[in-house]
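Down below are the structures I want you to see.
One chain, subunit A, links the two complexes that follow: it is found with subunit B in the first and with subunit C in the second.
Here is the complex of A and B:
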């Protein structure tokens, strides 16, 4: 009972204890969605039917869940495959290598801000619960350090497999990743120069005060995007695994669960790269690209260029605006989601009408299945719409402690903080999935580069553009901002 | 409650990192295969970076991972991987050079032990932040005439590295341009361990 009492009287501390377990699992929750998105996106771009065979058999009905079941079938297949280790492999590193990309991919969410810092009254003072697990002033550097460690998975896996194809693929991949790390670091420096901090929460808060990074540093954004494609070994930079030349590349000799871990690492890196792009250049958890509504209130305004950063526990204008108008914001977001769900239900209904006209063997079964989807999504849309109306009418927020008494900014009650955190978390995930869709789109659209083209692009083009971009940014920042 | 918990966790982490670095260091000394040695060295660097972070220098720890474990050791592993010979080439653990090489670490260890034995532990503030970005930047780029002038050394080292890169490119290019470049040796047998 003591524990229960402590939990109810210390909600923020309890959240601080739960989040370290929950946040590393976030990416695992989004992973199946990304795999599904990749499968359906590939089918959509290539004008195929896509994943449609796996189903749950019910009497008179087959639930295929849009190909979601393929995740389960993949998992079952890979888990029960023979755990084959080539006799010529260097055993210790052969076993170690697949774990490295997964480990680094699971560590990175701890550094990304998933919601804005929450201010709460702690006794007589004010404490804050940050949206990152590891709050350090060198957060971005640590992220890059973890990214550079993940290359060891490729290197050790390819070397220990003791096969020509693996070694060639591993050499290609690691040389490319090392090369593009240079332009990745240099392209992000322009943004860091303007923001004046390596702390990812600070970078996002700065964007909430002014504008998203992609509008401040468009060239840096494009360079970083291309470098991220290379870092993830994604098409058009997927020379690590050229089927026509080197079979599967560095994971040629891998099968079963170890292969699955390499693939998990790859998709985790796509998610991490998308989340990083969203955090650095698309405002992270901030809702609006330009926080116009609060510009009238300049009391807590941070200068555009600064090296002396604001004090701790300082919320951006965007977050404050969201908290002050939480009901309306939630209503609009739920309304947009409801509209999207209705559009999806209409698409499903159109597909169902197509099936009704065809004379297929399993016509009745498909009609029943699509009827269930139709009614389920319509019901979801109606519920979302009702929720939106309810939020818009009844959700009003009042600060618990007005601004200027305990802290320069207002302190809101717990439920407002919780709703805001959930909303901001969904904003981050939405932006991440949007960038992940860009990755998928590019992968199924562009052909693979030749290896010398990749190296030429990395060293002769992107590095130079990044350096010039950094130089111009530094000159402009010095001319406008002055300072030290 | 939380203060003592932090204290306990800090001690636990320190013990963990110290043991890991000692184990990896021992493995580095005893390993016969170059790539084993390289991986043990990475282990030493990673655990040292953890100790740096515990000692109030997270920035130094991150830089240790980013530069040493992530970049320099990456190149070392890469070279070992490319050298086909290294695959089955095992060197003896100790030879004549090891005796000379052992003198300096032992001397260094003796000096450290002597310093620590006579140090006044009460003057050390474990909570002080030393190697964080702001203090490092303020010390390094202190442009005042009375300052330490580290920025000059920083620039000089940068120029030195640039010269080294240019020299390496020149050497590699000369090798490429020579007409009588020997044909690449045939791919060695993909050996069975």
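Here is the complex of A and C:
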């Protein structure tokens, strides 16, 4: 009972304890979505149907869940495979290697801001719960350090396999990843010069108050994007594997769960890279690419959605907008979601009509299944729409002004902060999935580069463009900002 | 004489590769959009729930034609097994009880795992006893023995599954019914 009492009286501290576990777990929930997106996206790009065979058998019905069950079947298959270790492998490193990509992939979300800092009354003073799990002024450096650790997974896996195919794949992949880290670091420096901070929360807040990083640093954005493709070992930079030349590359000798961990690490890496792109260059948790004018006082511009109040660095009074109009913001977001759900239901209805014309053995079952999806998603959309209307009409917020603090910082009720945080988290996840789709889209469009082309692009082209970009940015920033 | 084939020179925009990437991305996105919005434009079928509509002359699994009394039309002449490049046809002949017919197959086995589906057996057959028009293109089995199909399996087909103009196969040349067929042909009732 004491614990329950502590939890109810210290909601923010409890949230601070739960979030480090919750955010990696939520990422694991997004991961199957990414795998499904890859499968379905590849199929649609190639004019195929995509995953449609795995199903849950019910009487007179087969629930396919849009191919989502393939994740479950993959998991079951890989878990029950023999945990084979080749007799010629270096055992310890062989076992260690698959864990490294997963570990780094799960650690990096701790450094990304998932929602804006929340201020709350803590006794007599005011404390803040930051959107990053680890609050540090060198967040980006730590992130790059963790990101470059993932090359160890490739190197150790390839070396300890004691196989020539593995070694070739691992060597060329590690050389490429290390080469592209140079241009990755240099391309992001331009943005850091403008923002003036390594703290990712600061970078996102700056974007909220000005504009998204991709508009400020378009060349830096493109260079960073290309470097991220190389870092993730994705097409057109997927030299780590190569079915036509070196079998599976660095994981040729891996099977079962250890292979699954390599694949999980790869997809986590894509997810984290997308989240990083969204954070650095697409405004992170800020919904709109530009600040909106305050309604109460049109002289200032504020980010569309924020909980933070920073008189020391940016415009004051910027909390008035969203805090007073949280209901409207929630209504807009729910309305957008409802429209997307309706569009999805319409697409399924179209698929259902298409199936009704086909001479399929399981036509009735398919029609029943798609009918269930249609009605379920229509119902969900109606509920979201009703929720949006209810939020727009009835959700109003009043700040609780904190007493006895250094500056008059408005403190909001817990549920306002929670709703804002949840909204912002979903914005980040949405942008992350959008960038993940870019990764998938490029993978199924471009052929892979030859190895010398990769090295030439990295050292002769991208490095030089990054340096020139950095130089010009520095000169312009000095001329405009005046040494700030 | 050597012929030099010059590759077309790349333009400046093609050389920097960047514009071409966006062209390619537009192409793939167009395909993705079509697949998402127009499901009926799929280039593939939902196999195996939807079976492919193969043409009638597609060389698929074999069948043995039958006489009106249900016996195989095959006269065990070994033409097909001689013509077979894969040597997948095994015939054991025996004497036919019908005095118009010399031989009939005691057993007729085709190993589909050896068969290359060339259709030479169909070409070689002098009495149109073997055909490959079953349209069963996909064969499945649990073991190798399942793919060796015998006389009963080869003759397990229904006339209604085949086009009506193919009904002449019901009255075979040769045998006691040959004279009857000739009579019908002369009187015009043969079809």
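By definition in this document, the second predicted complex is superposed on the first by the 447 of 484 C-alpha atoms of A that agree within 3 Å, B and C clash if a C-alpha of one lies under 4 Å from a C-alpha of the other, contacts with A are read in each partner's own complex, and residues count from 1 in each chain.
We take it that a contact is a pair of C-beta atoms (placed from the backbone, for glycine too) under 8 Å apart; a residue touches a chain by one contact, two chains touch by 3 or more.
Only a predicted model underlies this, so the values are computations on that prediction, with no experimental measurement involved.
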item: Clash or fit (per the criteria above) of subunit B with subunit C on subunit A; value: fit
item: Degrees between the directions from subunit A toward subunit B and toward subunit C, using C-alpha centres, nearest 10; value: 110
item: Which superposed partner A:351 touches (first subunit B, second subunit C, both, neither); value: second
item: Partner chain(s) touched by A:444 [first = subunit B, second = subunit C, both, neither]; value: second
item: First (subunit B), second (subunit C), both or neither touched by A:52; value: second
item: Partner chain(s) touched by A:162 [first = subunit B, second = subunit C, both, neither]; value: first
item: Contacts of A:152 with subunit B and subunit C, given as first, second, both or neither; value: first
item: Which superposed partner A:459 touches (first subunit B, second subunit C, both, neither); value: neither
item: Partner chain in contact with A:41 - subunit B first, subunit C second, else both or neither; value: second
item: Three-chain overlay, closest Cα atoms of subunit B and subunit C, distance in Å; value: 27
item: Subunit B residues within the subunit A interface of the complex; value: 35, 39, 42, 58-59, 62-63, 65-66, 69-71, 74-75, 77-78, 81-82, 87, 132-134, 187, 190-193
item: Touching residues on subunit A, where the partner in the complex is subunit B; value: 87-88, 90, 93, 136-138, 141-142, 144-146, 148-149, 151-152, 155-156, 158-159, 162-164, 167, 170-171, 174-175, 178, 181, 198
item: Interfacial residue positions of subunit A with respect to subunit C in the complex; value: 41, 43-49, 52, 347, 350-351, 354, 357-363, 366, 441-442, 444-446
item: Parts of subunit C lying in touch with subunit A, wherever the complex brings them together; value: 21, 24-25, 27-29, 31-32, 34-44, 46, 48-51
